[in-house]
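You will see chain A twice below: alongside chain B first, and alongside chain C after that.
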Partner chain A sequence: MNKIKKLNWLFALLVLLAAIAVPWVIKAPYHLHILILVMVWATIGTAWNLLGGYTGQVSFGHAAFFGVGAYAAGLLNLHYGLSPWWGMALGPVVAALAALPIGLICFRLRGPYFALAMLALGEIFRLMFTNLTEFTNGAKGVLIMPEITSKMFFYYVGLTVLVVTLLVTYLIVHSKIGYYLVSIREDQDAATSLGIPTTFYKNVALLPSAFFTGLAGAFYMNYVAFIDPNIVFNLSNVSVMVILVVMMGGVATTWGPTIGAGIYIALGEYFRATLGSANVLVFGILVCLIIMFMPNGIIGGLETLKQKFFRSGTGLPGGGNGEVLRS
Partner chain B sequence: MELLSQTIICGILLGGMYALIAIGMTLIMGVMNIVNLAHGALVMVGMYVTYVCAQEFGVDPYLGMFVAMLVLFFLGCLIQKFMINRLVEVESILPENQVLLTVGIMLVLTEGIRLIFKSDYRSVVTSYSSDTLYFSGMAISVPMLTGFFIAMLFTFLLHLFLTRTDLGKSIRATAQDRDAAVYMGINASKITMITFGLGAALAAAGGSLLLPLFYLWPDIGHLFTAKSFIITILGGLGSTGGAIVGGLILGIAESLGATYISMGYKDVVGLVIFLLVLLFLPGGVRSLVKRWQA
Partner chain C sequence: MVKFFEAKNVVKRFGGLTAVNNLSFTVSQGEIFGIIGPNGSGKTTLFNLISRFFPVTSGEIHFNGQQLENLPAHKICNQGIGRTFQVVKPLRRMTVLGNVMAGAFLHTSSMGKARTKAEEIIDFCGLTQFKDSEAKSLPIAVRKRLEIARALATEPKLLLLDETCAGLNPRESEQAIGLIKRIRDAGVTIIIIEHVMKVMMGISDRILAINFGSQIALGSPQEVARHPEVIKAYLGEDHA
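And then the complex of A and B:
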């Protein structure tokens, strides 16, 4: 167990070093742009995974936190003339604050009802930000003048955001809290009967999830420099897409969301370049196929394959390797 | 006063048509126990079928509706049998897999239609599109009134179908307790398929009735998905009568919101009602009725 853990950390370190080295190899701004987008999505995905994957509370409204984070940065600049980089500090805090009442309301509900309530809340946020025109500029959106335009700089900021998110999520999941969260997903009633305050721990999962989604939002605002409610609060392009990203990579795995984000962005760009207007259609078909044939994502699918080939199971359902948490 | 009654009547008429779409969703939810996020997309496809009938072959939308219902029935059956049904057998960490698959289906349907018809706004113009009836200072549009009555007729027929025929009874039995239904010799997987088809056909009917009133574009589906959810939850899951009441409440709330608050907040009103009902009346209107009867 310990050896495997060490190997995992070594692997993570190698990936990190490779990621740091990338901008020195790939210099084309377009490729860096794609990688930055991957990091934004990987961050949202990892944050969503904490609540949706490990805790099993599938949220259809994470766009609310993303949008709030992005708007916190944008409005700071619009109303007070402060650098939007302050939004990187304020955005996640505001998103977490917004998550507090949302958690109090929505965690009274379970399963599909929770999903629907979050969906409704996400839409309410979108409509409010569209209609409160004095405060948010409404559908016109917020435009900022970025001070820094170097892609390499944004790449490293994005990488830092992603690494911090991955690290914190990993630490939470692999602490005692992580076991509580998984127990809630597997059987909430059993968890309650064992004395786990389930609502409290759901909130414990929601707050960091919202925090890092907000962080990704604030970073997105700084990078793209223009947002409007239909971009950042979009139901199908943000809330639902983040779920698909995590599903594609692998639900309740450390690397799943990052891999899913890579696939989503890479395929999206590739299809856009080659298929023209049919790109979203092909993407949709692919999503259907992945859910139908690889319901646990690419990492989950690989693991099933591995088990089939090696049959070296440790006797634990779902394969040992420190992955007990998953199933 | 006239403004108020006009608003309420308009809301009731719209709500009746929304209710028909929502009944489709509530049927599917009841039997399959899944949240069908592709429902609005099915409505949209139905609307496009009617649109094509009207535009290419000159078929009146109210007749084209039957073509759309037939097409959507088969489309629904196929989707259920070959896509959603597959997931029943696969093991996965999150039970929400089927919901996500419906999202994928929604994407495919919306983008498929967009590929064929582009994102242009379209509308069907008929000789009676702009006809209105006037009485005591109120103006009521004829397509709205016709749509409402056809929707109510369909609901009534569906009610007869569900309560009087063997197939309808099997559907209700499967919704109540799937295992027990199987023990009684009901072919549950066939029933599930038919129910999905039926739900899709009702969605198409509702969409076609709304066609003379709404602009048509590929993304209109999202609007109907949201509305049918709100109605389904308002009325109580799996209840046809509840769906009608829910539809009327939503229609009235929306038109009151549009008249007295603002057009932009119209949808917020519906969503807030939805949240409140989820929190404080999880069984919907149906649970109120039950409490009152007991």
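And then the complex of A and C:
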């Protein structure tokens, strides 16, 4: 077990080193641009996964946190003349604050209430930011003049954001808290009977999830330099898309959201030229196929293959040795 | 002296239906206390009241000098009461080890300590060979055992067992009884609900028989088995 753990860390380290080396090999700004978008999506996906994947509390409104994070950066610049980089500090906090009341109210209930409340929150924010024109510029959006335009710089900032998100999520999941979150997902009654305060721990998952989604939003604002409510608070292109991205990569897996984000962005870019705005269709069909044939996503499918291989090799549990119980 | 466990005039109404009607009983430390009754007589409801999954309509429940009926459900476990579920609720996509560790985390935040504790308990419950299997892949007898192991990991002083032997074949039942006795010998007090009379007669120190939520008999297994009301409830008027 420990050996496997060490191998996993080694693998993660190699991936990180490779990611750090990439801009020295791939210098084309277009390719770096794609990789930066992948990192934004991987961050949102990883954050969503902590709540939706591990804790089983599906959110249909993560765009709310993404948009609030982005607007925090944009409005700081627009109204107060501060560098939008301060949004990287403010955005995540505002996103977490926006999440708190929803969690406190909805997590006391079971069933679809949280998912519905989040769906509503995303739409409410979209409408609010569209109509509070004096504060938000409304549908005209917010434009900033970036001081830095080097893609390589943004690549490394994006990579840092993603690595921090992955690391924090990993540490949460592989601790007592992680066990509690998964217990809540698997059976809330059983979790309660083990002394787990379920409402509290659902909030423990929600806050970092909103925080890192807000961080991704603030970074996005700094990078693309223009946002409007229909981009960052978009239901289908952000809130629902992040769910598909995570499902494709592998729900409740460390690398799933990152893999999913990579495929989503790559397909989108590839088919945008040939199919125009129908490019999302290809991704949609692919998600359907993945769900049909690999219900646990790409990472889950690989895991199953690995286990099959591993078990047939060593004859571990699962091999039918007749004797079911021996005491 | 403070009684170890005491239920005083406990009542639970669901609308017009009185599921538990004015039940009072005490359980002393180290005892195996059995609860029997026909289907729908309120046994599981009583467990749900003790573990605070349902609020009581009226009455008091005391444990170890603590009054339970106003605590939130997750605090019951902190007080030292563990429970299993009649319809087993394994954490399906977690391994047996993970299930038991989730219980063990009540008293520690350290992964290492939780794992050691969980491995001890898995061994105690005879689940070692299933340690790394996912809970959803287990046969029913092993799932029932896992329920017990998970509850034991929270180090309860009182364990509520809800139909641990239901659905098991005779050999598996024997093993379950052996485990329950070992748990008692390890110093855990047990309240057990069971339909299999052979099991109840064999292991209970005292038995409470209920029907329609009310007590019909309370005493040693022999007394209860001979009690005319119990025979009436189980076999009908003619046999009493």
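Everything below uses one rule, namely that the second predicted complex is superposed on the first by the 300 of 327 C-alpha atoms of A that agree within 3 Å, B and C clash if a C-alpha of one lies under 4 Å from a C-alpha of the other, contacts with A are read in each partner's own complex, and residues count from 1 in each chain.
In this section, a residue touches a chain if its C-beta (ideal position, glycine included) is under 8 Å from a C-beta of that chain, and two chains touch if they have at least 3 such contacts.
Here the structure is a predicted model, which means the values were calculated and not measured.
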Touched partner set for A:S236, first chain B, second chain C, both or neither: first
First (chain B), second (chain C), both or neither touched by A:L143: neither
First (chain B), second (chain C), both or neither touched by A:L10: neither
Which of chain B and chain C A:V164 touches, first, second, both or neither: neither
Chain B versus chain C as contact partner of A:A21, first or second or both or neither: neither
Chain touching more of chain A, residue-wise (chain B, chain C): B
First, second, both or neither for A:L104, with chain B first and chain C second: neither
First, second, both or neither for A:L305, with chain B first and chain C second: neither
First (chain B), second (chain C), both or neither touched by A:T192: second
Chain B and chain C footprints on chain A, overlapping residues: 326-327
Contact footprint of chain C on chain A as seen in their complex: 174-176, 179-180, 182-183, 186-187, 189-198, 316-318, 324-327
Chain B to chain A touching residues, read off their complex: 34-35, 83, 86-87, 90-97, 99-101, 103-108, 110-112, 114-115, 222, 226, 229-230, 233, 262, 264-265, 267-268, 271-272, 274-275, 278-279, 282
Partner chain A, residues of chain C touching it in the complex: 51, 53, 72-78, 82-83, 85, 89-94, 98, 101-103, 105-106, 108-109, 111, 114, 126, 129-133, 137, 139, 141-142, 150-151, 153-154, 172, 175, 178-179
Touching residues on chain A, where the partner in the complex is chain B: 52-53, 56, 58, 105, 108-109, 111-113, 115-117, 119-121, 123-124, 127-128, 130-131, 185, 235-236, 240, 243-244, 247, 251-252, 277-278, 280-281, 283-285, 287-288, 291-292, 295-296, 300, 326-327
